[in-house]
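In what follows, chain A forms one complex with chain B and a second complex with chain C.
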Partner chain A sequence: MIVVVAEQRGGKLNRATWETIAAAQQLSSAAAVPIAVLVPGAQATGVAGEIAAADVQEVVTLEHAALEPYTPDGFTAALQPAIAQLNAAYVLLPHTYQTRDFAPKLAARMDRAIVTDVTAIKKAGAEAAFVRPMFQGKLTADVVPQGPGPHFVTFQIGAYRVDQAKKGASAARVRAITVDADASAIREKPEAPFQQAKQAVDLSQAERIVSVGRGIKEQANIAVAEKLAQALGAEIAASRPICDAGWLPMERQVGSSGQTVAPKLYLALGISGAIQHLVGMKGSSTVVAINKDPDAPIFEIADYGIVGDLFEIVPAIIDAVKG
Partner chain B sequence: MKIAVCIKQVPTREWQPRLNDDKTWIREADASFEMNEPDAYALEEALRLKEKHGGDVVVCSAGPARVAQVIREALARGADRAIHVEDDGLASADAFVTSAALAGAMKEEQFDLVLTGLQSDDQGFAQVGVILAEKLGLPHATIIMEVQADGRALRVKRELEGGWFQWVAMPLPAVLTIQSGINQLRYATLKGIMAAKKKEIRKAAAPSGGASKQKIVSLYVPEKGKKTQIIGGSPAEAAKELVRKLREEARVIQ
Partner chain C sequence: MATIAFWILFVAGVAAFAVQTATRVRSIAAAPNTFSIDDLPFRINRFLADVVLQRRTIRERPAAGLMHAFVFWGFVVFAGYTTVEFLYGLGIADLTRTSWFEAYRRLLVPFASAVLVGILYLLIRRAIARPVGLGSHVSIESIVIALFIAALMTTFLLTFRLDEATMAGRVNWWTHMLVILAFMALIPASKHFHLVVSPITVFLKSPELGNLPNLDFEKEQVGLETVNDLGSKMRLDAFTCVECGRCQVNCPAWGAGKELNPKTIILQTQQALLAGQGAAKLGEVYSEKVLWQCTTCGACENQCPVGIEHLPILIGSRRGLVSNGDAPAYLGAMYNNLERRSNIWGLGYDQRTKFVQAAGLETFDPAKHDVLVWLGCAGSFDADFQKSLRSLFAILRAKEVRFGVLAKERCNGDPAKRTGNEYMYQELATGNIEDLKTAGVKKIVTSCPHCVKTIGADYAKFGYRVEIVHSSVFVEALLRNERAADGRAALSGSPAPNEVVTYHDPCYLGRYGGVVDEPRALLARFGAEVREPVRNRDNPYCCGAGGGLLFADKEEEPGSRISDVRFKQLQATGAGTVVTACPFCSIMLKGAQASAGAETQFVDLMTFVDGRLRKATA
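For the complex of A and B:
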């Protein structure tokens, strides 16, 4: 069985689960193994009904005291016996922060391989190879998990599209399973999630964005990018290191830990294009990259690129827009 | 508090990748290396906790002889001593092999707190901290943006997606993976660099028989997903052509 572990909170499904189902369907047709979607946590039943529309063999709900609220100890204790019951050959998960928190622990507890941040599946002889970025996206690797199954694989958000997940001719079977797990042994005590501050800037609605990365070199140079943003009628944004350094507020950060944006124009200044940044902006319609490094990964997804010194090119663009 | 910080040495950001002959790993001879950036934040956080609560900061690194460079740098920034699990095979090791190497050398030390970066800038597994916690039998939390440690109690701010956070309490000892940007990094002073020369680096052997759980069958430069139009010419020419294309082809500016 290929087991997809769905992610949901309080009956609300994380859409990345559908992306993982799409990946599972590709793996399933190559390996001729059926798919079960495991939905852990309270209020799993409603979510299960939603997922049952997918072309999968079955949807399995798992409710247990150890699963609420989320903790890595609790998830490891409850999911290990569930995966054993389902006779999993593969366990697929979306590469969310929650997955990153517990999946390596679960794989280590079971002493099984885990391949993370996968973007595609290939055939390598009789085996499946999983494609993943390395070295900040400068290189790509085809990776084959080793040793006995189940093999754990986590999929980069956005690598598969939600609408790639095939729907079934009729609703898949939904059933509940139970496991033995000791909720009293959980060591982590989480408090309720909160938002730091009201997002004063909603970059997701911006039509044009000028975004700066490490190539801007120092805080004083942000003004150069701001002038360009003004000339283009764009919002200013940044990659994580710029916000970490305090050069722009955190609320202007684009990427996996910041905002996800999809403007008509995304102009990346001195941004190399680490995966964590790309996942936040690859939905943009037109991407322009200006970078001194011709091999920067940002050029892989850019529509237009200029290789050169942004401090010469940006003033020239401002002149050209005004002229 | 006795705090361990696990650091990795990775190729520099400016490094241009070149592959080895069988195209399954990089040509290390061509690469220059530096401290993995998220680990530098973990080190800084450990130094700040020590300044607040007292104790020792011990740097732990698993890798070939070359990683001595980042160990020295960490000692120069203020770590008290180091453990180097030295083995050539650790250069390209997976997260299981790396965590087994670290756990073997760290177990007897009975650390109160173990910090590491949330992931490495080379293989980027985002697994070692979590697997290490499991191997040491300790609770953990990942992607941490604030640490409150007080005696036997630990309370940490975990970053969730999309601007959400969560506080999590757990008993010590524990393992935390630290998010970049949790603090502002310090740099080594001349005094620190001199002092580092006298600090102890304990060498440890990697455990034998730890099988790798993943195999890189092929490593390559990513295939281009989109056709990128590279615009050449002088800055003024390129800028003019770009603006023309944005107006007339893409129609995204006026």
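For the complex of A and C:
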């Protein structure tokens, strides 16, 4: 059995679970082993119903006092017998913060191999090989876990897409299992979870960003950039001087003293590209720069550069996008 | 009878002095020894200039400084007089009737008058004018001491009017002597202790500004964590402080309205030592927040007239914090960049390679090249600063200087060193030293003043010595020697001032490096009229980038940004162009300019020179 450990909190499924199900489906088709999704924690039933739509053999819920609230000791104590019950050959998990917290402990407790942060599965001979980055991503390694199963594998977020997970013809069977685990052996006493004063805008998750620099000239012109952002379904952001001037709120500042972003598309309007700005957006997949100054440093890192007046170019782009 | 009474008072005065002084001496003796007397000729020279000639006291505050010098010189020449009078009062020897003493006494009259003028000036300044650096309230003790000094001089001058045998004469003599004894009892606990210790402190001050010996990890050194860790020189500094506030008024953080005040740091040290709070954490004695506001510009230490070294305390305390994982979050990100990518930006070295190839640079080979050009983090990655480097390359090529670059560079380690991450600094430094040695480098030119200071002065602490100069020094010598060699006139022809510029001295070049004339000579050579901003040459006002603050969120509230303050000072010169000579000053000041929405132009010194050379040869 390939066991996928779903991650949920208070009945809300972590979407990365679907990515792991997609990975499990690839592994399952190669190894011809059925998939069970294990949903640990309180209020697992609703989540289980959601997951049952996937093309998996069964969905198993596990509720136990040791699982609430989350602690690494509790998860290890409860999951170890559950994995044994399900007769797992592989245990697959999304590489979330929670997984990073308990999975190494669980694998060590069971004395089994674990491969973390996997980005792809390769079929190598009889055994599956798992691809993972090494040396800050400079190399990738194909890892074949050794020794008796189950083998633990965690998948990098985004390595598989949610929409890759195949849905089943009919809903999978949902059942509950129980385990014996000693909740009193839990050493951690977690405080109630809290969210740090969150920035109203989280640009780090934005897929597209339209960013404004000094070249926008005056506050009234921000509207031009906002129109473009709307047309592209993008977030609006800015370099330091714009936020200093109060033309856009501070939380929209990108750069070493603002947010670090990595969108698929970064459209820089009238941004010269001071290094402090560049380090905040260097992770963008595609950078498009519009600037009057052909010597602007932004063109050094832009994939596409337009030298010209943004007030002519931006309306044209808006028309093109809408048209 | 009188002699016995005088003996009793004398012993009381001396005992009061000795007991209080002993507390301080014990504190210093208990400390880890950080005294050093290396480079004696330099120390002797500085002693003559700063103590005997009162250079540093006078330089920044000419009027008050000169008055202070009067008082100081007066005190020195009075030493013999005081000794003779004490020998007389104690009944040991009566030399007061000798003819040489009479002559000496007459010689003292002009000195006494000068002291009187000086001390009255200083008294009025302190009590009435009250400059900000002296603190918010008038120190009563200072007033008392000033009146004491005035009384000493007055009673001395009165000896020429009053017959010693008369009652008035006796009272006058006793007043003089009792004031001296009271003075002795008073000074150890006051800022006037500097009378006794500041000559020693000046002598023991490191010849190197911001001297930070490497931590020895084998000996488990982790920097300064508690008051007990403060070294002997730091403690001497704390007891020497004269509270003049030169450090305070020159501090860019204080000037921008931050909480950091270098004078407060020294006085807090003094209080903690005297209160016996050896176990107190320095992060609490000074406040962590304050410690992270220092740009390490060195103004405090460099302007101090009594030999105090602030930077070893500030950066030493940062080391203690970093060793305990207490660095601000923005530094964590920067340390990650240094650890993973060996540069402050966290960019991949393929980008440096791209620039090196695009600029047609050769890998350094001692057989082929005279000098190594060190690119630095800014030169390797900042497209804006790379323009300045291209100018430098163009100048070097035009003047047929054979140069190369290293195949790979790491950050020199300055941002790690100055923020107290000594371990990371040593990793970077030893790696670079290895590479420089392997490459057979003898001479380095760089456009980054931080690289000059760190590779030149800090790497020497690993026993690695290499000649490294800033591009302004190298290019200025190049052009000057060329002219001398072929007898040509200035390259720009006879220069009629045709552009008004202002020049921003980088702290690590002007203050640390003492390079102030070469950049100006280059500007003048090509006909630029330099309008000096306030705070220039070897006492510039920092741009706000140093000490890791390049990465700080708005340089940590409160107050304004240091860069904004400096930009306004440069703007106030009325010059339309600001010439910079450091990539980090350029980043900070351009940021301030953009935020201010000002039209001021910025040009790097090398770009300026290259442009003018091209014009001249065209």
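Going forward, the second predicted complex is superposed on the first by the 202 of 323 C-alpha atoms of A that agree within 3 Å, B and C clash if a C-alpha of one lies under 4 Å from a C-alpha of the other, contacts with A are read in each partner's own complex, and residues count from 1 in each chain.
Definition applied: contacts are C-beta pairs under 8 Å (C-beta built on N, C-alpha and C of every residue); 3 or more make two chains touch, one makes a residue touch a chain.
Computed from a prediction, not measured in an experiment: that's the story for all the values here.
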item: Touched partner set for A:312, first chain B, second chain C, both or neither; value: first
item: First (chain B), second (chain C), both or neither touched by A:136; value: both
item: First (chain B), second (chain C), both or neither touched by A:321; value: first
item: Per-residue contact with chain A, leading partner among chain C and chain B; value: B
item: Contacts of A:51 with chain B and chain C, given as first, second, both or neither; value: neither
item: Partner chain(s) touched by A:279 [first = chain B, second = chain C, both, neither]; value: second
item: First, second, both or neither for A:295, with chain B first and chain C second; value: both
item: First (chain B), second (chain C), both or neither touched by A:105; value: first
item: Doubly contacted chain A residues - partners chain C and chain B; value: 136, 214, 240-241, 244-245, 256-257, 272, 275, 295, 297, 300-301
item: Residue ranges of chain A touching chain C (in the complex, touch as defined); value: 136, 214, 239-241, 244-245, 256-257, 272-276, 278-279, 282, 295, 297, 300-301
item: Residue numbers on chain A that touch chain B, as the complex places them; value: 72-73, 96-98, 100-102, 104-105, 107-109, 112-117, 124, 129, 133-147, 187-196, 199, 208, 214, 232-233, 240-241, 243-246, 251, 256-260, 264-265, 272, 275, 285-286, 288-289, 293, 295, 297, 299-309, 312-313, 316-317, 319-321
item: Residue numbers on chain C that touch chain A, as the complex places them; value: 330, 340, 345-347, 378, 381-385, 387, 550-554, 587, 590-591, 594-595, 597
item: Of all residues in chain B, those that touch chain A in their complex; value: 11, 13-17, 19, 26, 95-96, 99, 118, 121-127, 130-131, 133-135, 139-143, 158-171, 179-181, 184, 211-226, 228-231, 235-236, 238-240, 242-243, 245-246, 250, 252-254
